[in-house]
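What follows is subunit A paired twice: with subunit B in the first complex and subunit C in the second.
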Partner chain A sequence: MTRIIHRREFLRETAVLGLGLTAFPALKVLAEFESSLPNTHEVDRRWYRTFDGTHTQCAVCPLNCVLESGQTCFCRTRRNHDGKLLSHAYENPCVISIDPIEKLPLHHCLPSQNTLSLAVGGCNLRCLYCQNWRQSQAMPQTLKNFELRASDVPAKASSKQCQIIAYTYTEPVAFFEYMTDIAALAARNRVRNVCASAMFINPDPLRELCKQIDAFAVALKGFDEKFYDRVLGSRLAPVLKAIETLRAEKKWFEIVTLIIPTYNDDLDKIREMCRWIARTVGPDTPIHFGRFVPEHKLKDLPRTPVPTLERCHQIACEEGLRYVYIFNVAPHEANNTYCHACRKTVIKRLGFKVLENHLSEGRCGFCRTAIPGVWV
Partner chain B sequence: MKPITIAGWLILPLCLVGSAIGAETPFVAAPPLSSNPDIEELRHLKQRLNVLLILNHLNADQRQLRTLYECARAAREVQCQFLDREAETIKRQEEAFEAFKIEDIANQGFSPKTERAAASAEHDGKKQRKRFFDTINAIEEDARQTLTAEQQAMIEEWKLDGPPEKFLFRKNHPGAGKKAEKDTDEKKQEIVRLQKEMQTIFKGKYGAIGPVGRLLICEETLPILAGKLGDKEGAANPAGTSEEMRARIRHVAELQADINLLNLLNGINFSAEQMTQLMTLAEKAGQMRGEKTGAKRGPKPETVARAKELLTAAVACAEQNQEIPAKLLKDMRDLKSAFAGGNAPPSGARKDADGIQTAAREVAGLLQDNQRKTLIDYNPCLIPPKNLKDPVRVGQAQDANRQVKALERVRSVPAEKFAKNKEMILDHVLDGAEEHGGAFTMEERAAHRQRLATMMDEARALSDVDFELQKEDLAAQLMRLDKSETLKAELAKLVGDDEMLKNKIIAHLLHPRMPPLLETRLNQMKSAAETDRVNLDSIQPAESCARGGCALPRR
Partner chain C sequence: MARFSLLFFAVGVVSQIAQIVFLREFLRIYYGSEIAWALILGAWMFWICLGSAVASLPVIKTEKLRKWALPLLLSLAALIPATVYIIRDLRGYFDVPTGEYLSLSTLLFASLTLSAPTCFCFGALFALGSRASASPSSIYLCESLGCGVGGLACAFLFPSVDSFRAAAVLCILLLGMSFLLTKSRMMRALLAGAVPLAFWAGWKLAPLSHHNFWSNFNQQFHLVEHRASKYGDLDVVRYEGQYSLYQQGHILFSMPDQGELKPLTHLILAQHENPRTVLLIGGGAAGMLKEILRHPVARVDAVELDPAIVAVARNYIAEADRAALRDPRLLLSDGDGRRFLQRATAKYDLIIIQMPDPRTALDNRCCTLEFFQSAFARLTDKGVLALCGITSHTDYAAPEFLQRNASIFATMTRVFPEVLATPGASSTFLAARAKGTLSLDEVGVLRRLSNRMGNEMIAIFPLTEKFQVEKINAELRDDRPFNPLDERTANASVSAAALNRDRHPVACHFSMLLWMHLSNDPFAAVLKALTSLNEWLWRIPLAVCTAALIFLRLRRRARERLLAPFSLMLCVFTAGLYGITVEILAMLSFQSAFGYIHPWMGALLAIFMLGLAAGAWCHRKIANPRRGLLTLHLGLILLLGFSCVTLFPAKGGIMELLATLAVIGLDGFLVGAIYPVALRAWPQPRAGLGGLLYACDLAGGLAGALMVSSVLLPLWGSAATLQILFFLCLLSFFGCISAHRALKKCGFVPPPGG
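And now, the complex of A and B:
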């Protein structure tokens, strides 16, 4: 049967075909360009395996992504290129800034020191409320990045009077290779390394990381598997395991929990979490409860009421935690560090700013009790 | 700084209250507004007496009077047009500020629409007033042409709403200003100098009317001049604002005061206990000021009646261009408090002022160190600054501020184009800085220009990474171009934290409108019922490996 084509239809189909033919070479060029990005870097063979010739399995985080050639990990930073796992995050930072260490937040680690903070696009979580979603939920190669070689970072930090390098803002596990290379070089140059992470990482890479990182701000985002699954697209158990690993590796870390109204503000769960922290990792582990401000996909929620945070603070104290803080609410008395023995204010803060510091050699300036942390 | 007299101590809190309420709204067209008709009548009589006295003292000839009259007519016309427009703006402000206040009370941040509406209404009001002031200034300039230097000086000493006895007994009362000049304390003098400089900047930015201009737009001037020149039409020209408009203006001022206090409350994070104690102290301070119910302590009705009688007699004398009899002068002096429109110091006022100082000390004791710092740094505002409204949060990648964005723009200009337009860019930045923060002297401008040029070259020469690491420092250098900010910092340094804290406590935390706001906030805290927990199964789940999102699709 003869098909009658109307003029309009003919024109439309010709246009589509024409566009397709024009776009094909452009897509090819783009694909080639992407795979030949100057800053791609092969992931350490320890952290992935190749099988069936061109398939790879990443072993950095508990997702253990299995990829065919041309596929990208869930974190958007590692890509299988013909059986080789390449990182697009390497030497592609999208955020570089100088911040006080209190912004991580780390309140028991070199107070009021500045850090050179780095972040690369990509993340292995999908938090619905991420405040840095523009960076974390994008592929590194799609962002505006800076040319910063790993070998140049420690010198750059020193030249800006920063004796600490912080891996923060997005998830450092997604730029693990870049972070570990910088950290190793920094350690050799007596520059400290600190990391703010959700700790959704496998134990082996974490142990490797512990060799170079001086302190961690661990985002324990809730204490409910369902919350992790539905709101973060992740799992809680590996995070708890990672916290135990940090403890076993004797690394300094502080726990950070953002309290999201109606999502993770169940006080019973908070109590359960604090109890777990006190028993498993010890009462000296600082915990920070933060005020949520509507972001990303949870814009319809209100900000966390300050009394809710105060209640969480009270529960943590009741469960025996000695250093409990509130963040994203300043001024607040829970911004300060109090000596657990004499209850005097050892460090007075206004948000990220240290107003007074009464610590000397890691001891309370009033009663000489040792305050746990990294002070020198 | 001039020594504070007893009356000064009394007036200080009232001034601070006034400055907080009307800092951004210099309603020159409708000065001291009272809902009390008796006080309003007294004000009119006082103004009439003042205008008569000054016109009598000027000894102006017919030609001068005619010019003044023409200028006053022109000024009145401009003023009427302004008041028409102002009525619209005030209405808009009332609506916008109401909505803004509701969101401010909720303390959940502001919706862009509400924030934009409030900012735009405030901005339009300021712009409109500035335009009005500028037009009046041009008319004032014409009026000045006709007056001699002595006559101008005489008018400069004249105060629209000052008590008439100040003018009558001028020789016996040299005024506090002259005392201040004699003050040998260098620090105080420096503070006065900085304050004056700030005032000049403020006037330049928002406009102000000179003394002759104030005389021209005074409600009583035109009818008096018309009477003197026998122009019946001019004499009948009605002036002033309607009671409805006055009520609106008062309401807008109250809304502004509330918003200002709410902004502070939202940024200072008081605990319930602190709020309860502060409420008690603020109420106590309010009682001392006689403002607990929002109404200022007014003079007794018989005093007002007597004052009216005396003022009417004085006005009658002034209208005849006669000397005011000595007995009448004595009686007027005795009724000084009534002349001051109900704001004059009543007996025992000193004790009250001391009481407010004590309350301020008690409030200071309630505050945490970080709250003290926040209060010291706080400036009255309608739209709170970013550090109060939405401070940078833990782990938040910071957005570039205005200065950084400007620097980024400078960096993005191609070299050739930049070389060609550098001078223009420098002028543009300096003009902007002058407009915002006050004019520079020639030397200052040259120095800033040099510094700015070096800074721009430096910013352009930096690599992307170095710029990222240095942009905040460079932005801080740009901020130093803002003269008003520099002066503010200098002033704060000179005044000292303790004094600044005390002043801010009196001006804000012990503000008469603070107790009801604290009560609302406390009730809000108490009634914050626990909301139902979200059913996690019901929400749109995050993308996850478990749901097949592990490896991204092949491209």
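And now, the complex of A and C:
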């Protein structure tokens, strides 16, 4: 019997079948890739420089990304297009929401007011526990976005009874251009601006931002360079410098630290951080210690034990900080604002809901001591 | 010959147990889902397939089994425990931060690398055995029998033995087999000495390897208790006075402070004006019970799948939670919650489901249309169902979250007249039997609670925040992001989200997609593209291709003889694919009708393997293999029809049980018969043929496991999966006709014997 295997025919027929099975998914992938064309806006020339004709260096954040043509910044929002730095995070917010201002958290700024919250995809950090990872760890143009022109935002906020615009949920530094344009228009229309940021930003753009933003919630995520490097993919020193800049610019800000079990809950470090805050920016700076809830890549880590948060609270008080809060735990006594002079409850809260407010004209309703903050 | 058979029977036992042990250990370091299972089993089959194919190459010239078998058995004896030890240390090697999961790509890399040496040895052993044996079919038969017995042993003899100790037992078994195989006295003495050493090492190193796992997880965690359970190892770790309970390396909950469930529990209880009877499925030890019992309820039925969870947690929860477990109104039952609901006769005012996300078919069982229908039937007129803990979004409505949750929401809406979701990163879907029952109005809820419990402060505001409630419900209803600034959004459209059913667990697919995004997996884009495909886009080309191939074959009868060997290989490949696909479908069907499959897995696997062995036994001496192949293909096609009718029954009665078992057994029988028949039908029998066909069989199994678990079943459902199998069977059937005619023309006569 002769060996009569006709491989070619077999392979051809198998290929026909294989193509039938795979062609459609492959075409779909290609089609999706093609459809994700970005909408762009040129970054202000003050915040980048061009050299060698086509290279650019971004100057918004301390990463100072040097880009060849076609490359994108670490934050995934700015791209070098033949020597021109274009932002993909302009007028395409992926989040439009209405939230109480306490959610940021800002406890010393216009209590009980609602904010129109905006966020655009992208971030210049890589936090392993990011609550908003789905939009912050993505290119803006790959998300499902809304169309919202910067010039329309203040009027639309007012129409929803929001006299504050909040830049939050992702890192506003990544959509700096959109934020500053809206904030400038809002300020002209007597709408307030608040910003929740990790403050990984260069001093010059921050000073520019301070001209328009009324209050900041600054996420000082730890007090250890190693932690910043390993868990956030970032650096601590520029953040501390940015906090000092805010202080120098006399801007109202509150510090927020999420306590993550085994990562940044070393009490000595917490004490060091509180001492630095008290000495460098003053004891009137509110600090919020947050309870970690398993998120993003740290899903297998337990929640922060409440006693750990209480010890952090105690340490902050011992170091002289006057307004120390605990969030993500409710009810808790440290949800409230106490007058530092008479120790009475000035604002009683349940989580981020205000139950009682005994402030009048920025002063304690019981002893008339001035409580620092943005109250009117 | 008897020694040969015994040896391969034992190899089958060892390989089956080793497979289960590896699977169990890999799932400790990975967020388990069907795709993870498929990848691990796929890597297993890939290397066995490769080992078998390589050992079947003509260049390997040996017909003496002993020369190869001894080193292979000894290698396996060392490799299996070493691999288990290394898997437990894997987090350390990859430097994975505390609490972080491994990505799917890392899992694929790890499972491919770590299972390679062991599986290659198993594959080579089989192929060499087939070459040395006069009858490769009997080797196949004995190995299949051994696998069946191994599955049974895993299920019933040591379901909760530590994996490292199980590996040590396998090591001892392999040493014993080597002892029987060798003739050298020196070697026998060495082997006899090695047995107690392996025993000692197994028992002493098991705790060490366990501690290694936790020290790699986090050096600051102190392991205070470890308990083996048939549903997965339980570990309690202490950190800063807080105890956390982990199951198979994944966190369940922390103790003693379990306050986070308090507002949610009261919000749910407030949905009924006077809740008297409550059914709680899962989460009994996680803090909900205490809060439920603060309401004026007359009876609470709590069902927990794994009784060990309550037994372990009892030592660490707060005294108030312990007291709740002793409350006379509580009836705590062990077992499957869905099965409990199906068999219950009582009616409930509230049914609360506290289960993990539907990322696996197990977890998905409480989110399907069939489950909601049975829950609806067990609710009183104003009864409410609460499905808790669905991972959701607080701000950006990512398609992966939205599609999955909108699918569950739409499925609930199909059954219940009123459905509402609470906002937050972890959402609860509330469904009422009567319209106008549900309310997320904060004032109304607090008023109802204060009437029952006084003026206690309960932070329900995050769950009732007006804008967020409106946002999430609009998004789930419309299956698209909600824009508060766009007035047009208020005009809700009807959601086109797919229904999540037992036979079409689409929520599993979306969970998988979500997880792939989370771990930045490059395959996510492909899977996402598949998601948006219309299923007819693959049905039509597949049908056209199959028809074209059949037409070509009928036209070219003269050349049919050319394809005989390839057709036989395709036939064995199809059998492998068919076998695993129908087995997976039958197991899922069993699980949806008769409760969680875990305790029955070994028995069901054994039925399949025994069917496989019976098929191989009955056909080992078949006189006319060509005709036999055609008959078997007809049998496969008929079984598909039978499966369409019998699988995923509406109720779990004895007839349905027998029908499901019959599908599994017949599947095994037909698939097991094809291997020896194809072997006998081969035109030019040669050394290594048994190994080659075995490799084809495993390659089919590998393709089936990957396709079915990751794409076909979750994305397009069981009906589409059975249709694809039908097309493949047709293709293979026509291949067999080619082989049949070609061999007939050549005057081929099968060799005698089995």
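Convention: the second predicted complex is superposed on the first by the 337 of 376 C-alpha atoms of A that agree within 3 Å, B and C clash if a C-alpha of one lies under 4 Å from a C-alpha of the other, contacts with A are read in each partner's own complex, and residues count from 1 in each chain.
Please note the rule applied: a residue touches a chain if its C-beta (ideal position, glycine included) is under 8 Å from a C-beta of that chain, and two chains touch if they have at least 3 such contacts.
Computed from a prediction, not measured in an experiment: that's the story for all the values here.
Of the two partner chains, neither subunit B nor subunit C is touched by A:F51. In the superposition on chain A, A:V231 contacts both subunit B and subunit C.
In the superposition on chain A, A:P261 contacts both subunit B and subunit C. By the touch criterion defined above, A:L143 lies against subunit C but remains apart from subunit B after alignment on the C-alpha atoms of chain A.
With both structures placed on the common chain, the touch criterion links A:W133 to subunit C but leaves subunit B unconnected. Within the superposed three-chain model, A:D300 lies in touch with subunit C and out of touch with subunit B [touch as defined at top]. Once the two complexes are laid over each other on the shared chain, residue contacts for A:E333 go to subunit B alone; subunit C is not touched.
Note: residues 95-98, 119, 128, 131-132, 135, 146, 148, 156, 160, 169, 230-231, 261-263, 265, 293-294, 297, 302-303, 305-307, 329-331, 350-352 of subunit A belong to the subunit B contact set and to the subunit C contact set alike, using the contact criterion stated above. Against subunit A, in their complex, subunit B makes its touches with residues 107-109, 268-269, 271-272, 368-371, 373-374, 390-398, 463-465, 468-470, 472, 525, 528, 531-534, 536-537, 539-546, 549-555. Across the interface of their complex, subunit A is touched by residues 31, 97-101, 217-218, 220-221, 239-242, 244, 246, 249-251, 254, 257, 259-260, 393-401, 425, 457, 459, 461-462, 465, 467-468, 471, 480-481, 483-486, 517-520, 525-526, 528-530, 532-533, 537-538, 541-542, 544-546, 548-549, 552, 559, 561-566, 683-684, 731, 742, 746, 748 of subunit C.
Per the touch definition, subunit A reaches subunit C in the complex via residues 1, 3-7, 9-10, 13, 16-17, 20-21, 23-25, 28-29, 32, 94-100, 117, 119, 128, 131-135, 137, 143-144, 146, 148, 156, 159-160, 169, 230-231, 261-263, 265, 293-303, 305-308, 329-331, 350-353. Residues 31, 63, 65-68, 70-74, 76, 95-98, 103-105, 116, 119, 125-128, 131-132, 135, 146-148, 156, 160, 168-169, 196, 217, 224, 226-227, 229-234, 256, 261-263, 265-266, 288, 290, 293-294, 297, 302-303, 305-307, 310, 327-333, 335-336, 348-352, 355-356 of subunit A touch subunit B in their complex.
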